[in-house]
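Letters A, B, C and D name the chains as they come in the text, with residue numbers starting at 1 for each one.
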Amino acid sequence: MFVVMASTATEAEILGVKSHILDEGLTPFGHAGAQRVVVAVVGEIGSRKSSLMGALGQLSGVERVTPISRPFKLASREFHAEDTVIRVMDAMIGDGSLTVMAGPCSVESRDQLFETADSVKASGATVLRGGAFKPRTSPYSFQGLGVEALRYLSEARERTGLPIITEVMEANQLDIVAEYADILQIGARNMQNYSLLNAVGRMSKPVMLKRGFGATIEELLMAAEYILASGNPNVMLCERGIRTFETYTRNTMDLSAVPVLHSLTHLPVLVDPSHATGKRWLVKPLSVGGVAVGADGVMVEVHPDPDKALSDAEQQLTLPMFADLMAAIVPIHEHVKDMHGDLRAWGSVPAAGGGGLSKH
Amino acid sequence: MFVVMASTATEAEILGVKSHILDEGLTPFGHAGAQRVVVAVVGEIGSRKSSLMGALGQLSGVERVTPISRPFKLASREFHAEDTVIRVMDAMIGDGSLTVMAGPCSVESRDQLFETADSVKASGATVLRGGAFKPRTSPYSFQGLGVEALRYLSEARERTGLPIITEVMEANQLDIVAEYADILQIGARNMQNYSLLNAVGRMSKPVMLKRGFGATIEELLMAAEYILASGNPNVMLCERGIRTFETYTRNTMDLSAVPVLHSLTHLPVLVDPSHATGKRWLVKPLSVGGVAVGADGVMVEVHPDPDKALSDAEQQLTLPMFADLMAAIVPIHEHVKDMHGDLRAWGSVPAAGGGGLSKH
Amino acid sequence: MFVVMASTATEAEILGVKSHILDEGLTPFGHAGAQRVVVAVVGEIGSRKSSLMGALGQLSGVERVTPISRPFKLASREFHAEDTVIRVMDAMIGDGSLTVMAGPCSVESRDQLFETADSVKASGATVLRGGAFKPRTSPYSFQGLGVEALRYLSEARERTGLPIITEVMEANQLDIVAEYADILQIGARNMQNYSLLNAVGRMSKPVMLKRGFGATIEELLMAAEYILASGNPNVMLCERGIRTFETYTRNTMDLSAVPVLHSLTHLPVLVDPSHATGKRWLVKPLSVGGVAVGADGVMVEVHPDPDKALSDAEQQLTLPMFADLMAAIVPIHEHVKDMHGDLRAWGSVPAAGGGGLSKH
Amino acid sequence: MFVVMASTATEAEILGVKSHILDEGLTPFGHAGAQRVVVAVVGEIGSRKSSLMGALGQLSGVERVTPISRPFKLASREFHAEDTVIRVMDAMIGDGSLTVMAGPCSVESRDQLFETADSVKASGATVLRGGAFKPRTSPYSFQGLGVEALRYLSEARERTGLPIITEVMEANQLDIVAEYADILQIGARNMQNYSLLNAVGRMSKPVMLKRGFGATIEELLMAAEYILASGNPNVMLCERGIRTFETYTRNTMDLSAVPVLHSLTHLPVLVDPSHATGKRWLVKPLSVGGVAVGADGVMVEVHPDPDKALSDAEQQLTLPMFADLMAAIVPIHEHVKDMHGDLRAWGSVPAAGGGGLSKH
């Protein structure tokens, strides 16, 4: 449930509400919106619900207490009406600007990374991506350079000024990865690795959570909720294709997820057409499409010589292709930016809990 | 296989090739491209393949004979390199302009249809849609006004000058529907109704074939091949969402299908966000997305008072919403038009048969 | 809604109820169960619901009127509690015995059919299958021998005494197919071809309706409802695999659909492991599995020389393989027969409309 | 690749082969079959393939060297022809006997666990299951009693003599869970948590790996390969339903996966109808079906009072229901046991790599 404070509520009154919640063995999460403060109550409420709503409603400074039937609370627009904006070095994500994360699937050498980094920076990328620890379907495939790759990424940040995103695969790696990376990526296969979600949730470093290829939109938001409920508000989401019967593309990119997520949550939403399609020549049209439906950013794989790449050779762009991609998406973003708020407001979001179907 | 004629081949030589093919009990389909004529050989070739290729290769005026491993022949870019352009009254479909088909899910009354038709015409629609015979999951749901609706559609065409598209559900209806409609729609549930495909194939009236919600891209093209092989070259395709595990939207709109289809086939490709999403407020962003990935057109459902609609109430747009939609997509189309040929040429189409996987 | 008559209701009272329903422009369907007669009211009831329930409840001989929230009415267990049993010549389907439909995918010649028919009869098949008109993904594939095949099937019935099942693909074929066949098959691709459903519904000949590979269980039942509502009560259902992301098998056989259907409907349920798996060596274990979960029968493809078959070569069984299959499934059926009623009764069926989710 | 040793090869010759492989920076895995020893070579072989095959083929005692195109090596039947049999206390898994794992979804109290354990033991269960650390979609749901639950499970083992299986969710928990559990379960959401797979691979304790609901059969085998390649040969697999568009059941149980897995791998295969269907009344028919298609065992959730369960209330069986289930499946298993080897041998397994489609 959410406790909506009066616009005149004092700090002491807000504190009083939080204390009451803590006394019940539950956890209060406050969000100061433009107009008023909302305090979310999370934890196992169960049968206490109506008595608790009554008690909280009587506290000083409380305007009203509203139940929420959605399973995600802190991730919801009801709790946090304004878009979350995440600052990483000079890059702003979710503020209406276009975030472009580009770089090689795997960091393979210092030279390969630097050549890519310099080129994508020149073309307009705002974040540098590169895999250090790689989750691979086969135990016999290249698993990444590990810490060596992290060091190269760090050097590339020095060269280019671009913040760095790289995947973290397990809680044990978290300290070392967080030492180098500016944004922690949780990969699709780990979207429901709750230990890892809790671990990144206990940090304040920004996290990009990719949708599992077998996961619903609601489950993606529940996974984000794990991170938020552990204390880290800096979460962005990424649609990267879901599993369907269609075999032409590797996965089916679910572009409807972008406006759906924008209606349900305040978190930034990116798209990853490289993994969604698995085919180089589809990356550009689907990037254009992703930006057009309102994504806050795009993540694409770029390699100086894709045919020699140690992983994902078929889907990485060459450096000139990436420049061409940027030339295509920047003006589209400029164009849809004007209709953006409009896009979100056009159809009113369905009432809480009314839109989707829960199947756990 | 395709017989590629020399650029200097005479009519008599082309006729000679066609006669030879007919003598083999097979069917020749000629296509006169910008440079040269290509004759496709269709039918059950089986073990005759190499001897037939040899014999055809020796005929006068033949430059070369090429096998084709794709299961679709006449629908393929290999046979017919240029985009197919379909003219319907004053509307051109597939020529680079933006086709917008709009109108009510079902024609419910003369007034409802006229009000909608006048309004969508004013907003810029190029084709008027309206259901006369409705395929419904339940036998107890409203099944459409039938011939009465066809008459209203015909009157609406007189009023507005817009050509009319309506669904034909069975071969027996074909004569009456074709008497009134300018474009015949084959619905998703009938995509593999081969009797119906053959029947519309024996006409010359344009056909819009919707992808079945359980059908692969390759199966959509094979269904189009049925119509083409029966003699009707005026076929356009429509992506309207596929069935996946995601339950938030009615279906998952497969926008990657648009560039994939543009690479594989010369037929125009439209998108239908109304049926794909099943939710009114998602129609605009997904229309924008569809135009952005290069669709030749959009089909949307519009109703003067959607909440009172006899079918698909949740997904039909109001008249002002449609005007708003047009204001959004027209400039996007203007914008991507410049990168359009580029989009198709960027990544070369995989070699024949190499891209997808056949699972019949 | 259902009008449940008192156990003492007279013919005249039942007739009175039906007349009242007809006067309302709706259609009454009566079913005489073991205890009492139930009259289903079908058609567009809409806002008349409560007044109509009141009026019917006051008629003489009526015990109670119950609303039904499921979209399927005549197909439901609520309307028709006992299993439907269909007699075709000497074969009984749905009475607890094991129905086995076997024969070639396509009838290719008199010899091929007779050899198969004699052999499957000797091994214990109860119905002979064989395709005359074949729905093929490609217009260039073998489309069946047509009427010639129907004649061979008819001769094979004379030889073996087995009733014949063959597919009907369009309403126009119905007269000729029904002249020869004992059971009409509606194929998966035509499951929502409503014209065809209505046409077979106007006959009394038994119909086997196959589940579309993109169709939910509820949609299968709605398709059956079309046939039932047109007047033909002799409908049996067939699970033949659905489309999923798994590519090892052609489709994913949904064996849970068998007990689910037995709980929701009174119609017999068969399984078709040949089409579900697409692989010969999986037909036996999945047939065993289908019988074990309680299917009323199995349909399998059998060919004297599968490698030379004109269609579905990879999935047809040899004649000895079919004999081996029969040896496996007959004792399993004997075994589960004892737990059969039990299987259906074990867990109570969820309340009407409560089990599944409607997404049209 | 596999190095097949001559049947007369000495220990020294086998050691020579392994040394050569190690010198190449690759890892040898030996398997002593009934006839001869096979040494699998795993690691990044790349372009060395043909020269390495030549060199190994010349070594003393080598009969032949065969390439393997499947991505899984150690999990394949080609490497290890006989069924893997895993012994856990007195229970044998994969030896042709029927394994039944039963117990509550979550351990909720000592009493609840003991009551369940005593009852399932009396009904014939061979392994006791119970969740201590629970992966839950929502961070606010009951997450299990943790170590306290492990202690109760250990006490229950003392009472009943049944070995214990419980889920391990992260590498950090592994030591404590392994101290109490006899079989470690990797849940569906963690099937591609490679850190966890490697960690359990470094132990010798038996592992049950559940198929992810979005994972193909091939990916399940690749996940098993991670464990095997890390050194732990004691792996069993569990089919628990995949995500499809069907919404009636929670997931769609893929029973064809059982014979497919038996053909591709030597590892035992179990089924979990509780999670696959999500509905109590479907657990019995699907357990019967799973045993009938040849599963080595069944895992089911049982609770003294399911309606009060803290998790998965809708799918847990009562104690008498479980007794009823046992009475149904034991004789089915007796029956199919005789056709079991037969089931696996009936159709020959497709040649290596020939059966499925790889899409990573």
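What to note about this one:
We take it that contacts are C-beta pairs under 8 Å (C-beta built on N, C-alpha and C of every residue); 3 or more make two chains touch, one makes a residue touch a chain.
Everything numeric in this text was worked out from a predicted model, so none of it was measured.
Both chain C and chain D are touched by A, B. Greatest Cα centroid separation from chain C: this falls to A. Measuring from the averaged C-alpha position of chain A to that of chain D gives a distance of 34 Å. One inter-chain figure worth recording: chain A and chain B are separated by 37 Å, centre to centre, where each centre is the mean of the chain's CA atoms.
Work out the mean CA point of chain A and of chain C, and you get 48 Å between them. Touching two or more other chains at once are residues 214, 243-245, 247, 357, 359 of chain C. Taken together, the chain A residues at the contact with chain D in this complex read 42-44, 71, 73, 135-142, 169-173, 189-190, 192-196, 212-215, 219, 222, 225-226, 229-230, 243, 247, 250, 278, 357, 359-360. Here chain C touches chain A in the complex through residues 243-245, 247, 357, going by the rule given at the top. Of all residues in chain D, those touching chain C in their complex are 214, 216-218, 242-249, 252-260, 263, 276-277, 279-282, 284-286, 288-294, 321, 324, 328, 331-332, 335-336, 339, 343, 346-349, 355-357, 359.
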